[in-house]
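Handing you this structure, nothing more for now.
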Amino acid sequence: MKISMIHIFVTIILVAAHMAIAESDMLQDFCVADLSNGLKVNGYTCKDPAKVTADDFYYVGLASAAATGNNTMGSVVTAANVAKVPGLNTLGVSISRIDYAPGGLNPPHLHPRASEAIFVLEGRLFVGFLTSSGQLISKHLNKGDVFVFPKALLHFQQNPNKAPASVLAAFDSQNPGAQAVGPSLFGANPPIPDDLLAKAFGIGPMEIQKVKGKFPAKK
Amino acid sequence: MKISMIHIFVTIILVAAHMAIAESDMLQDFCVADLSNGLKVNGYTCKDPAKVTADDFYYVGLASAAATGNNTMGSVVTAANVAKVPGLNTLGVSISRIDYAPGGLNPPHLHPRASEAIFVLEGRLFVGFLTSSGQLISKHLNKGDVFVFPKALLHFQQNPNKAPASVLAAFDSQNPGAQAVGPSLFGANPPIPDDLLAKAFGIGPMEIQKVKGKFPAKK
Amino acid sequence: MKISMIHIFVTIILVAAHMAIAESDMLQDFCVADLSNGLKVNGYTCKDPAKVTADDFYYVGLASAAATGNNTMGSVVTAANVAKVPGLNTLGVSISRIDYAPGGLNPPHLHPRASEAIFVLEGRLFVGFLTSSGQLISKHLNKGDVFVFPKALLHFQQNPNKAPASVLAAFDSQNPGAQAVGPSLFGANPPIPDDLLAKAFGIGPMEIQKVKGKFPAKK
Amino acid sequence: MKISMIHIFVTIILVAAHMAIAESDMLQDFCVADLSNGLKVNGYTCKDPAKVTADDFYYVGLASAAATGNNTMGSVVTAANVAKVPGLNTLGVSISRIDYAPGGLNPPHLHPRASEAIFVLEGRLFVGFLTSSGQLISKHLNKGDVFVFPKALLHFQQNPNKAPASVLAAFDSQNPGAQAVGPSLFGANPPIPDDLLAKAFGIGPMEIQKVKGKFPAKK
Amino acid sequence: MKISMIHIFVTIILVAAHMAIAESDMLQDFCVADLSNGLKVNGYTCKDPAKVTADDFYYVGLASAAATGNNTMGSVVTAANVAKVPGLNTLGVSISRIDYAPGGLNPPHLHPRASEAIFVLEGRLFVGFLTSSGQLISKHLNKGDVFVFPKALLHFQQNPNKAPASVLAAFDSQNPGAQAVGPSLFGANPPIPDDLLAKAFGIGPMEIQKVKGKFPAKK
Amino acid sequence: MKISMIHIFVTIILVAAHMAIAESDMLQDFCVADLSNGLKVNGYTCKDPAKVTADDFYYVGLASAAATGNNTMGSVVTAANVAKVPGLNTLGVSISRIDYAPGGLNPPHLHPRASEAIFVLEGRLFVGFLTSSGQLISKHLNKGDVFVFPKALLHFQQNPNKAPASVLAAFDSQNPGAQAVGPSLFGANPPIPDDLLAKAFGIGPMEIQKVKGKFPAKK
């Protein structure tokens, strides 16, 4: 019988595991995300205000550089978004730290729900974004420089130096999201048909297969 | 004991059955409406992302013209809104198909939560909207024409021809809503008092009763 | 075993007890706050539309002046916000009545989520707000006058007369909130350290203690 | 040459005559409407902050009841919106005063851009709004009562007494707008064709002509 | 003196040449875009309301299929956005027609400012979008089917048949924008460096050069 | 005649001197602020897209610590907002750098238009914010820590150490604004009357005069 009880609790937790809320105008001082509530809405449901503590607004995970060693692209994004800092729920802001190995690349990607402003913590970077009309807006940055990427446009950061680099990035969304072109198109699950990608990039299916080999499909 | 277990599960489902969400800024890639959840919020709660399929973003119900035969006004609106396409939840867009019998009329109405852009699929139409200052902006449309009705202003479409007509309508809301003047004022439940309507339209209570007879009160 | 069952139900109810909704764009005609639902979201979850009545949109509590007698500041704010008028949920508007004793003061405060427009119901007032650049915009008001305070800026109303005064205030939020400088800084719970406040106001810790004595910490 | 000078000034004024601004999030403390600037944007352009005074946030026009005598409906709306109080520009809030003669009616209308909360200053009222599904939500109000009308839904206020009445109305828009059904449909300029209205209300063109006679077309 | 006059006019035109407006909440019934005003704001400045006509809300350009013959991808998008239909300014909605040659492809792209709902006017399509977590959500569509692509996520439509196809697309933005991956990354102006793209896609600079050859840089 | 010409130019400049734009939804890829355009709207008018360069999205002013020496509070805020980085216009995000001398204090203040997330670049801090209900939420931070302050609530940061400290702050507004309690209330121009402040803080006018002496009125 105890096993059945556990089943019940697990079911409750699973059922409870699917809710959230809108980034829109706040309707109270704060609505700290109840990350353990399975009920999903647009964003997250709120934790009982009486149980909110300073730790809900605090995060320590950006303090040190991530290991960029075993990473194909030589870059690692560490997000302090609502999934990590529940107090960010409904606040409309979040930050990330990005670390780059020498020669590392944060490859072309976009954030569907946010503009981004970066501050170079360390090293140098070559950065750029693409406009809808096909213009590349790019810049070489030094330590302490600030650069801005408009909402949902393709952009990248490259470390052209032999020393590591890192930036702090500010977003106007509690959960900006990210869609990298390479992994998205060539590592989709299920895969996008070869002939479709071949036509899209003007190359042969064999070459598409080769690129797909670089991006193992996610599961 | 098994019965008790069922009770528990039923209770969980019932409790879980009452939520929903804001059209505002999206806070994740999508929040497919969990139409079976009774819990109501501004919009709908989200379906478990692991259970989302392409069918949540798909709808077949606009494919053919609705029967306009047994319809007083000679027009039928078929909506592909969030109640029909759960994937529209939080996306801020929806579409409808409107079919008109020869001489059919989509009578003066307004959408409290959306502007509307129509494309004439078939036939001809006389369309118009009213500004706050009492101006009528109207136009005769042919197949393939586009026309726009600003948010929450009274507007209409009339088929002046002997052939059927149909349009596809785009809205900037997952659930634009609609309030037709005739049925709303003369078929309200409970009814609006005759003397109030008589004064509002400058006619006698007898004439109000006559018009009310055309719009049987909803239940 | 029955006790365990009760535990389960209690857990379900507690889990269910924490949800609500966004002021953003409305996604249905209305979403009357279900104030009894413990589930919290940004705002409130919606009451079953079939159970909504006119009383959900109605409030009688602003009809008469509040007693300003046993009040240090000589002013009382009576809010008709979403917590009192559940129909206001998602509507983006609310009103308050403020009553002032002779010489009464609604001391410097701000509403984090709303601009405010007041109408003087009775008496005279000296009112003002402060801009980000330190300018005081102030005015002497008579009965029937209207004045506006921009969103989230510090402002006050003072009754300089020997007769009572009262205003009706309109807000563009269902729950504007309020943060009064004196009670917030000097009556916080737990208290803000004396040395911090002493430095902030350029006075000694002894004087800070004296002011703190006027604002007993909330619990 | 003087004529050329006039041409230049006229040109400036015409060019200047087409701009305004969004109610959306404010991007500075305030943006007092420059009502004299002909350039129109969504809302209004801003007055030079250095020339802003307390009078920009002040209005005296709601102090006394409007004359309801020479008014068919027996009701007069006096708005304190952005066109009267330039400081309201971008603030997202405004108020109105409505005065009712004995038996007066503010006939069925809607505000395309705002919800409304009213406070009864004087007298008694019978008020109501219609839902999209045709339900009438109505209430009899006394002095001091509050009632709420959701955004863009048809609603009305009627003074059923032999004494005058008046309310103060709060809106979540600097310019809520208003569209009254009677004048809009039957007094449009140019007029809506008789046959269209006849079909919409299920009565004859003669009767439509009669109603149109009550609402002379605006110019 | 005439030269001075010209200077003045040129100055007026230059000053006038930089304004536009927010899609956010509308602040008047409509704000028809003054496409001839050089002043740019977020969106467009408004045309003088006295000069607004029904044609400002009308467009004929979607009536017939575009020629897909001399098009590498075999697809053509014809937009009825604010640049074509000035009445759409501030309304938050627009539509497009997309025509596909047999075997045609609307290659992977995203709309930075809108979700999209399509209705198949003619033919069959294979469509899909990619989630942030790398999942492909795809579907085979027939004439009359509806499908939805969430905001700012990569998506495509392919005509797998030997007959032409066409769709009508609804967007929740007056100017959704579009960024196609192939032309953006491989046809940027100035070009994205070969080594950066080579690393991003895991192929050699020679192969990048080959793909770039398919997308001549825009000017 | 020359005088008339000057009049014309002056008129043009004055007319031009009053416009700006909404942070709301973007209506194009970007709208780089035309900081030199005197016309003010909600935000700023847009620079000619053809003249936009990478430098519009770039800022170097946060690279080094500001001098905190000749500063009463021992803290300096350096903003990279839209006034410094014109590309931020309409993007809804900005960042600041704050430097603290040993013992320095960023005294109680609020941002009327933004939530804030900070990252400690160097040193240690004691930080906190106040809720509407008078609770103090505070935390001691170390280098690399993240903390969040909800929108428009009073908050502070104090450097309790003998070493300097600095943070990078992210805001969800292109122009968050700031209102510090001390300078706002005690250094307003024109001044807030002594008796009003005396009543607000429960102390005597003499003590108010003393505090006012610490905050010379702005001009």
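Of note:
Order of writing sets the labels: A, B, C, D, E and F. Residues in every chain begin at 1.
Throughout what follows, a residue touches a chain if its C-beta (ideal position, glycine included) is under 8 Å from a C-beta of that chain, and two chains touch if they have at least 3 such contacts.
The UniProt protein names, listed by chain, are A, B, C, D, E, F = Germin-like protein.
All figures in this text were calculated on a predicted structure; none of them were measured in a lab.
The chains in contact with chain A (Germin-like protein) and with chain B (Germin-like protein) alike are C, E.
A rotation of 120° superposes the C-alpha trace of chain A (Germin-like protein) on that of chain C (Germin-like protein), rounded to the nearest 5. Homomeric contact chain B (Germin-like protein)/chain C (Germin-like protein): same residue numbering on both sides for under half of the interface positions. Centre to centre, using the average C-alpha position, chain B (Germin-like protein) and chain D (Germin-like protein) are separated by 25 Å. The distance from the centre of chain E (Germin-like protein) to the centre of chain F (Germin-like protein), with each centre set as the mean of the Cα atoms, comes to 37 Å. Work out the mean CA point of chain C (Germin-like protein) and of chain D (Germin-like protein), and you get 28 Å between them. Residue positions 1, 8, 12, 16, 19-26, 29, 39, 41-43, 92, 112-113, 128, 132-133, 138, 150-151, 153, 177 of chain B (Germin-like protein) are each in touch with at least two other chains. Taken as a graph of touching chains, this assembly fits none of the simple shapes: it is neither a line, a ring, a star nor a complete graph. Chain pairs that touch one another: A-B, A-C, A-E, A-F, B-C, B-D, B-E, C-D, C-F, D-E, D-F, E-F.
Touching chain C (Germin-like protein) in their complex are the following residues of chain D (Germin-like protein): 26, 29-30, 52-55, 57-64, 80, 85, 87-88, 91-95, 97, 114-117, 119, 121, 128, 131-133, 137-139, 141-151, 153, 168, 170-172. Of all residues in chain E (Germin-like protein), those touching chain D (Germin-like protein) in their complex are 1, 5, 8-9, 12, 16, 19, 21-29, 31, 34, 37, 39, 41-43, 45-49, 90. Note for the complex: chain A (Germin-like protein) touches chain B (Germin-like protein) at residues 1, 4, 8, 11-12, 15-25, 39-43, 82, 92, 112-113, 173-175, 177. Across the interface of their complex, chain F (Germin-like protein) is touched by residues 72-73, 105, 107-108, 110, 112-113, 126, 128, 130, 132-136, 138, 150-154, 156, 158, 177-179, 181-192, 196, 199-203, 207, 210-211, 213-215, 217-218 of chain C (Germin-like protein).
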